[in-house]
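Think of it as A, B, C and D in the order they're written, each chain with its own count starting at 1.
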Amino acid sequence: MSSFGTLFKVSTFGESHGVGVGCIVDGLPANLPLTEEDVQPQLTRRRPGQSSLTTARNEADTVTILSGTEGGLTLGTPIAMMVKNQDQRKFDYANTSSAPRPGHADYTYQVKYGTRASSGGGRASARETIGRVAAGAVAEKWLQMEHKTMISCWVSSIMDIDLPKDVALALESDPPTRKEIDDFGTLAEDEENGFFIDMNGQKYSRKDGEALAPASAPKGKSFEEGKKLYTRCPHPPTAARMAARIQQLREEQDSTGGVVTTVVSGMPVGLGEPCFDKFEAELAKAMLSLPATKAFEIGDGFAACRARGSKNNDLFVKGSDGLLKCKTNHAGGTLGGITSGEMLVFRVGIKPASSISQDQETCTFDGEPHVLAVKGRHDPCVLPRAPPLVEGMTAMVLMDAVLRQRARSGAVCKTLGELGAGEGKAARAVAEPPYKVPKSE
Amino acid sequence: MSSFGTLFKVSTFGESHGVGVGCIVDGLPANLPLTEEDVQPQLTRRRPGQSSLTTARNEADTVTILSGTEGGLTLGTPIAMMVKNQDQRKFDYANTSSAPRPGHADYTYQVKYGTRASSGGGRASARETIGRVAAGAVAEKWLQMEHKTMISCWVSSIMDIDLPKDVALALESDPPTRKEIDDFGTLAEDEENGFFIDMNGQKYSRKDGEALAPASAPKGKSFEEGKKLYTRCPHPPTAARMAARIQQLREEQDSTGGVVTTVVSGMPVGLGEPCFDKFEAELAKAMLSLPATKAFEIGDGFAACRARGSKNNDLFVKGSDGLLKCKTNHAGGTLGGITSGEMLVFRVGIKPASSISQDQETCTFDGEPHVLAVKGRHDPCVLPRAPPLVEGMTAMVLMDAVLRQRARSGAVCKTLGELGAGEGKAARAVAEPPYKVPKSE
Amino acid sequence: MSSFGTLFKVSTFGESHGVGVGCIVDGLPANLPLTEEDVQPQLTRRRPGQSSLTTARNEADTVTILSGTEGGLTLGTPIAMMVKNQDQRKFDYANTSSAPRPGHADYTYQVKYGTRASSGGGRASARETIGRVAAGAVAEKWLQMEHKTMISCWVSSIMDIDLPKDVALALESDPPTRKEIDDFGTLAEDEENGFFIDMNGQKYSRKDGEALAPASAPKGKSFEEGKKLYTRCPHPPTAARMAARIQQLREEQDSTGGVVTTVVSGMPVGLGEPCFDKFEAELAKAMLSLPATKAFEIGDGFAACRARGSKNNDLFVKGSDGLLKCKTNHAGGTLGGITSGEMLVFRVGIKPASSISQDQETCTFDGEPHVLAVKGRHDPCVLPRAPPLVEGMTAMVLMDAVLRQRARSGAVCKTLGELGAGEGKAARAVAEPPYKVPKSE
Amino acid sequence: MSSFGTLFKVSTFGESHGVGVGCIVDGLPANLPLTEEDVQPQLTRRRPGQSSLTTARNEADTVTILSGTEGGLTLGTPIAMMVKNQDQRKFDYANTSSAPRPGHADYTYQVKYGTRASSGGGRASARETIGRVAAGAVAEKWLQMEHKTMISCWVSSIMDIDLPKDVALALESDPPTRKEIDDFGTLAEDEENGFFIDMNGQKYSRKDGEALAPASAPKGKSFEEGKKLYTRCPHPPTAARMAARIQQLREEQDSTGGVVTTVVSGMPVGLGEPCFDKFEAELAKAMLSLPATKAFEIGDGFAACRARGSKNNDLFVKGSDGLLKCKTNHAGGTLGGITSGEMLVFRVGIKPASSISQDQETCTFDGEPHVLAVKGRHDPCVLPRAPPLVEGMTAMVLMDAVLRQRARSGAVCKTLGELGAGEGKAARAVAEPPYKVPKSE
C-alpha cells in the first residue's frame, strides 16, 4: 500500500497529472519545531532540472504544511504536506499509449489494475517520491534533535566508474556532510571548451573526466560561470569521470545506473525488532521500495560472503560508559538484526534509467510488434538525484525503530495514585520531550 | 516483531532452551489438504546434523499440527505447529556468559532487552527459523495447488567458489527441481582415501575438489558407502570444489559465507502493492530478516547498475492469451514493484558463520579484554542449509501478495502458464471489476 | 493513529486552524466512476450551520479530489481529498486558554502531548470527521455498485424523546432511504407564531412538539417559508417533539444527547474475521472512534441480555438459492462475528454536547478554581448531524470486510438479494476454492 | 484475524477437537517475573464445570509456557502458551451435522469458509477464549507491577435481576477486589432443602432467591457442605436471586444473558490514540470480539444520552501533583478518546446462551424444515464465567495503549556519542524496567 511504518507512519498520495502530490506523517511527537523550511531543502535536492546532468523539466516543488503544527511547533497530530503539480497537462510522449514502455511499469499496472494513468507512470513515476522525501525530512529533523543522528548518502559508482577503493573506505569511516557531498560533487561545465571544473578550480577533460594539468588546460569559464553539474559524488576526480560518462551516454541516447552508499552516524543502540522486523530487514524493504532499485547490501554485503569468519567477525573493545565498541565494522551497524551503536553502512544499487530516446523493438499491449522511442529529454542517470530519497527512507526507518524501542524501554507513565509529593514535575516531564519548548505554552 | 504478512500472517515463537519452537499460520484458505507430511520434508532439509558439512548436533525436529485442520483438510482457522526441543539443557559453551560472542547477537540483545537467553542466541539462534520453514511449507503447498508455482533455491557460491557463469545462467533460465538440487548437490566423502564421489560415480580430490580422471582416481568407497555431504549446489564439479573448501576451513577452525540463488516459476502477474509494499521490497525484507543475511539483489542486481539502459530494458513480445512476455529477464520478474509473470530471480548473500573455534581477542560485557573461543562443533558454512529458509520466506511473501491481489480483483490470479486457448479474456478480466468501464480507456 | 482499515485504508489529517482537513483513501479498486459530486452530498449533510438546530458557524466544506482519478474513474491508486478551512483565525472563545473545558479533550490532549491546538479541540474537534465522511462516501459508492448495499442512519431518540416502539420496529425492518430521512425529518419553524410545520403541512406546537389540530393551529409561515430544522428523525410527530426539546435546551443554555439507529440492507454474507476482527467488533470500534459516542449495541443489544434463549435465537428458514434466512433478526445481522446476510441493525449512543454557555465551576490547568462559560453559539444537540458520520464509518468497515473476504475466496461476495435463479451454486462456490474437495465433507 | 494489538500483540489458535488451544504473546518487556502460576488462576476461573451454575463438562485447562522465559523471568521474546485438549473426541451432539444450530456460528462459518469444524463451533466455541485469558493474565501481571493497575469485573445483571441501583453505584466508585467478587458471589446450594447459603451463613430460598429469616430457614447443609455456585455478583442478596433464576431456567431447558460491569483503577493518563484508535474504541472492539457480546457502553453510556450537558460534564478540581481530577465520572475515564486518570468504568451486554435443550423449529443447511434440540448439559447462563474473559481483553487493550504512549513520551535512547562521564548507569537503565531484576543476571 502507500503507507509505511508502525508508529511513525507515512502515507503518500499523488500522480503527476492530478492536483498535487504529498503525504500524511502520523506519529510525530509534539513540540518539535517544524516549518516548511525544514522540508524544502531536500525537495530541492530531489528536484529534476537542477542541471544538465538531470532532466530539463522544471518542477518548482514548493511544499506546504497543511496540518499538524501551530506557531512553528508540532501538535502531535498528523502532519499533512502537499506539493502542487504545476503542469497538469497530460503526459504527451509519443507512442506510449498503445505500447508499454520497456523497463517501466506501464504493462504491470495495466495488468494489475485494468487501467493506468495516462501521464507516464502515474504512481510509478519518480514524482511519487516527493511525499517520501518530505516525510523523511521531518523524521531527520527529529532524529537530529533527539540523537544528533546524521545521515549521509553519496554516489559511489556510476556505470563502470567507481570511487577508488581507498577513497570509498575513507568516506565510509568518516562520512562527509551533506554540504560536502554537494560541494565536492558539483562541477561546472564549459561545453564549448570541452572541460569541467571543480569548486577548487581544477579542470577535467569533458571527454573522459581526466584531470588536466594547469599548464595544458584550455582557457574558458570559471567554476562560477559554468553550467552546474551535480553528481553527489564527493570526490572531484571521480565526479569528473562520472560526469563525462553521463554526458557521453546522453549523446548516445542511452542511460545507465549506479550505486549509492549511505552512512549514518549517531546511531541509537538496540533498534530493530526480532525476528521479522530486523533493522536491516526494514531498511532493505525501504530501499527496494524506491523506484529503480535492484540491490541492497549492509556492511561488507556480498563481499562479506567471500570472507572468512575469523576476519569478518567484529571484535569488541571497551566503549564509553558501559557500552562496547567494535574494532572493525564489517557488519555495518547491526548484529542479529539489532543496531549495535556502530555506524550504519549500506549500499543501494539503482538500475539504468528506463526512458531512452533510441528505438526499441518491443510490442503493443495487444502483442503487435512496435518500434518505440520515448521522446523527450531524459536523465541518462538518476543517481545524482537519489540521495534525498535514500536519506528520507532511512530516516523513516530509523525513527520508527526508535519509537518502537522507546515503547519497550521508555519512562514510566504515571497514574494519579502513583504520584507522591514532589514527583509532579517528573510526571509531567513524561509528556515533555527533551528538546526545548518555547514559553508561549 | 515475530509476525509477518498482512493477510497470510505468520507468527513464530521459541528458543532452543524452552519446550519447543513453532508458529501460528493465520489466513490460510479452508479446504486445503494438509498434514504433517506436507511440512516435514523442508524441516528435514533445514535440520543440522545432516552430514559432516553441517554441525553434528542431532535435532530430530518432528513437527506436529496443533490446530486448524480436520480430516486432513484446513478449516480456514489458524494452523499452529510445534517442534519440540529434544535437548533442553542449557547452552554450555565455555566463555560465553561473561563475553558477547563476536558476530552474534549476544551484545545487542543484552543492550536491547537488559537480558538474554543463556542458550546461545535465544531467538537469534538458527532454531528460530523452524517456525518459518514450517509456515513456508504450508504456503508452498497452497501455491503449488493454486498456481503450480515452483520455488527453487540453490547454493551458487561459497567463499571464492562460484558456479561457472554459463552454468549459473543456464540454471536461472531453466531452474532445477528441489530433487535435482538435492541429488546433484550431494557428494559422498571417502576421507581415508582423500576423495569425494558424486551420484554418477565421478571422483574429485578432497583437497581442492578437482575432478579425478577415472584412471588416476584412488580406489575406495562407492557413492552409497561414503559419508554424505550436502552442498545444495546442483553442479557436481562446483559442488566438489565447495565441499573441499568447507572441509579445509573446518580443519582451520574457520568459517565462510556464500550466495544462494532463487528462481520461482509459475509466477502470477500483478502481485505487489505500490508504493511501499512493492513485491521486491517485501521480498528483500523477508530475506534480510533471515539470520546471517547481508545482501539481496533481484534480476541482474548490482550488475544491472553497470549496464546500459538499451541493454538492460527487457523488450516485450506477444505472450500467451492476452498477456505479454519479455524477450529477456534482466529485471528478474517485476516492473515497478509488480510481478510481470516472468520468472522471479533473486540472490541472497550470507555471511560467514560467526561461531569459530579459534581464539578471538575481544572483551567481556564489562569491557575487560578477553580471549574467547567458541567451543563445540560448528558449521564452517551454513549455506547448504539455507535453501529451505529462503524457499519458506519466498512462499510466505508470494502467498500474502496473491491474497492481497485477490482482494482487489475478486478472482483468481493467473500465471502465464495457466492460460490456455480462449482463456485470455478471462485472464484480463482479473483486473476488470464487474461494473461497466467506459470505452475511452 | 489516524488510519483505519486493513485493505481499504483511510488516513485523515487536519485541524480547524490549519490550511485544511482531508484524507487519503488507499485500496480502492480501479475503474470506479468517482468525482467530487459523489462525495459532496454527505459533507453537506454533515456541515454545521444547516439550520438553527445546529450551530450557526458557516462552513462551506467543498471537497477537492487531489489524486487517484483520471477522466472520472479511479486508478487504483490513493485518493487524496481535501476541504479547505475557510476561516483560519484562532479559536477565540473566552476562558479556554487557562482552563480545560469540561467534557472536552483539552485536558487529556495537554497531558498526552504536552501541548494542544489553540483552536478549540484541534483533532478532537468535530472538524476532524470531514475526512471520514469523505472517505465513507467513496466506500459507499463502491458498495452500492458492487452489492446494492444501502446504509440508512436516523435519529431514534433525543434526550427523553424516543421514537414510538412500533414505529422504531417498523423502521428497522423496512429502513427508510436517505432522502426519506431528510424529508420526513425536516421541519420548518415559525418562531413568531410558535409552531413547527412538517413537509405535509401538519403543524406542531413549538413549545412541546404536540400536533396542532388544523382548526386550532395558528396562521403563519408555510413549510417553504419557515426556517428549516433538520432532525433526521423520519417520523414527523417525533421529530417535532425533538425539535421542541432542542429549542428549549437552547434557551436554557444547555445541551443533550441521543441515539442513532443504523440499518444496512444488501449485506454480503461471510464478512468478518474471527476471532478478534469479528464484524461487530470492527463496527463497535468504528463507532466508538467517533467523537462523543458512549455506547454501541447490535441487534437487540442490551435488551437481548434480558431475553430468554428460546426467544432470542433466530431460527432458520430456506432462503434464496442455497442460502438460508432467519425468521427473526434479534442478532442484528451477524452470527459468531460473521455476517449472515440479514440486515445489519445497530444503535450508537451520543452524549450531550459538551460546549454549553452557562457557567461551570471547574478549575484551571494549574488547579485554581475557575468559573468557565464557553461563549459562542453552540449546538444543543449534535444528533441531527451524526448520520453522515455513522454512515461513513459503517461504509468503511463494510468495504474493508468485503475486500478481506474476497482475498480468501477469490470471487465476488454475494448478497441474499443478488442471488437469482440458478445462481445458488455460484454463490456457494464463493467459499469453495478451485482445488478438489474430498467428498467426506 | 486471530491477532490483536499493535505493540503488545496476541495471536491465538486452537479448536476443541485438535491437540490444544493457546496463544503467542509478543511485545512483552523483558525481565518480568512470570510462571504458569501467574496465568493459571484466571484459566481456572474461566473453566466450565466449576459448579452447577455452569456446564458440567470437566476441562482441567492446565497451561504450559512453551517459550519466552528463563529462570522465571521473561526474555522480551514471544511467550507461547498452550492448554491441551483433554478430550479430543468429536463433538457428538445429535442433529447438528445437517442443521446449523440457531444462535451459533455454524451457518456463517459454513458460508464463509465452505467448511466448519465438526466439533461444535470450532473457533467460534468458548474454548477459543482460553488463549485470550492466558494472554490477558500476562498483561495484567505487568500492569500491576508497573502501575498497580487493578481490573475488577463482576456480574451486574442476569436476565431481569439487577444489582440494586445504590449497590451498583457504590461498587462502581469503590470496586471490589477479585477475591471479594469470588467470595461474595459464591453460594452453596442445598437442593434437597431448597435453599442457598452465602459465605456469611445467610440462607435464601432456592425458588426465588429471597432471604430467609434465620428463624424460618430450613435446616440443612452449611456453606462448606453445599455444592458451590459461582455467580460473580459480589452482592449476596442479588447473587441469590440470580442463582434462583438460573436454576429455574435450567429446569425449563432455557437460557438467558446479562451484563457485566468492569472498573479499572490505577489508570495511567494519556492513553489512547486519536482519532481512530481512541481508547474506548479499542476497548469496544475488544469486548465485541468476545463470543456472545452484543452491547458496550462506557461511563454512563446510553443513560448519558438522556442527560443534560450541564449535568453530564465532569468538572475539574485540583488533583495530586500537577494533574487534575474530576468531581464526577460520568465519562467513565476518557475524554476525547484519551484516558484522564479517572477510573475506567464500562459495561458489556452478553446474550442468552444459544445452546438450549428444548426443540427449535429451524431448517437444515439445505433449507429443509428440521426440529433441532441441542442435547447435552448446557450453561443456562455464561455470565459467571465472563469476568476472566473481560478482564483479559481489558488488560490487553490497556497494556498495548501504555506501550504506544511510552513510545511517544519515553526516556531517551542513548547513542555512543551522547554518553558522557557518569551517564552510563542512566543509559543502561533505559533497558531496565523499574521492577526488580534478580541478581543472577
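Basically, a contact is a pair of C-beta atoms (placed from the backbone, for glycine too) under 8 Å apart; a residue touches a chain by one contact, two chains touch by 3 or more.
Quantities reported herein were computed from a predicted structural model and do not represent experimental measurements.
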| item | value |
| --- | --- |
| Selected interface, A-C versus C-D, where C-beta contact pairs are more numerous | C-D |
| Centroid-based (C-alpha) most distant chain relative to subunit A | D |
| CA centroid of subunit A to CA centroid of subunit D, Å | 48 |
| Rounded Å distance, subunit C centre to subunit D centre (Cα mean) | 30 |
| Rounded Å distance between subunit A and subunit C, as computed from the means of their C-alpha atoms | 42 |
| For subunit A, residues contacting two or more additional chains | 1-3, 12, 27, 29, 76-77, 109, 112-115, 123, 269-270, 274, 319, 323, 341, 405, 408, 428, 431, 433 |
| Subunit B-touching residues of subunit D, taken from the complex the two chains share | 1-3, 9, 11-15, 17-22, 24, 26-27, 29-31, 64-70, 73, 75-80, 82, 109, 112-119, 122-123, 428, 431-433, 437, 441 |
| Touching residues (chain side subunit D, partner subunit C) in the complex | 1-4, 12, 99-100, 102-105, 107-115, 121, 123-124, 128, 157, 159-160, 249, 254-259, 269-270, 272-278, 280-289, 291, 293-302, 304-310, 312-319, 323-324, 331-332, 334-341, 349-356, 358, 360-363, 365, 367-368, 380, 405, 408 |
| Touching residues on subunit C, where the partner in the complex is subunit B | 6-7, 27, 29-33, 71, 73, 76-77, 145-146, 274, 403-404, 406-412, 431-435, 437-438, 440-441 |
| Contact set on subunit D toward subunit A in their complex | 6-7, 27, 29, 76-77, 146-149, 265-271, 274, 319-323, 325, 341, 402-425, 427-428, 430-431, 433-434 |
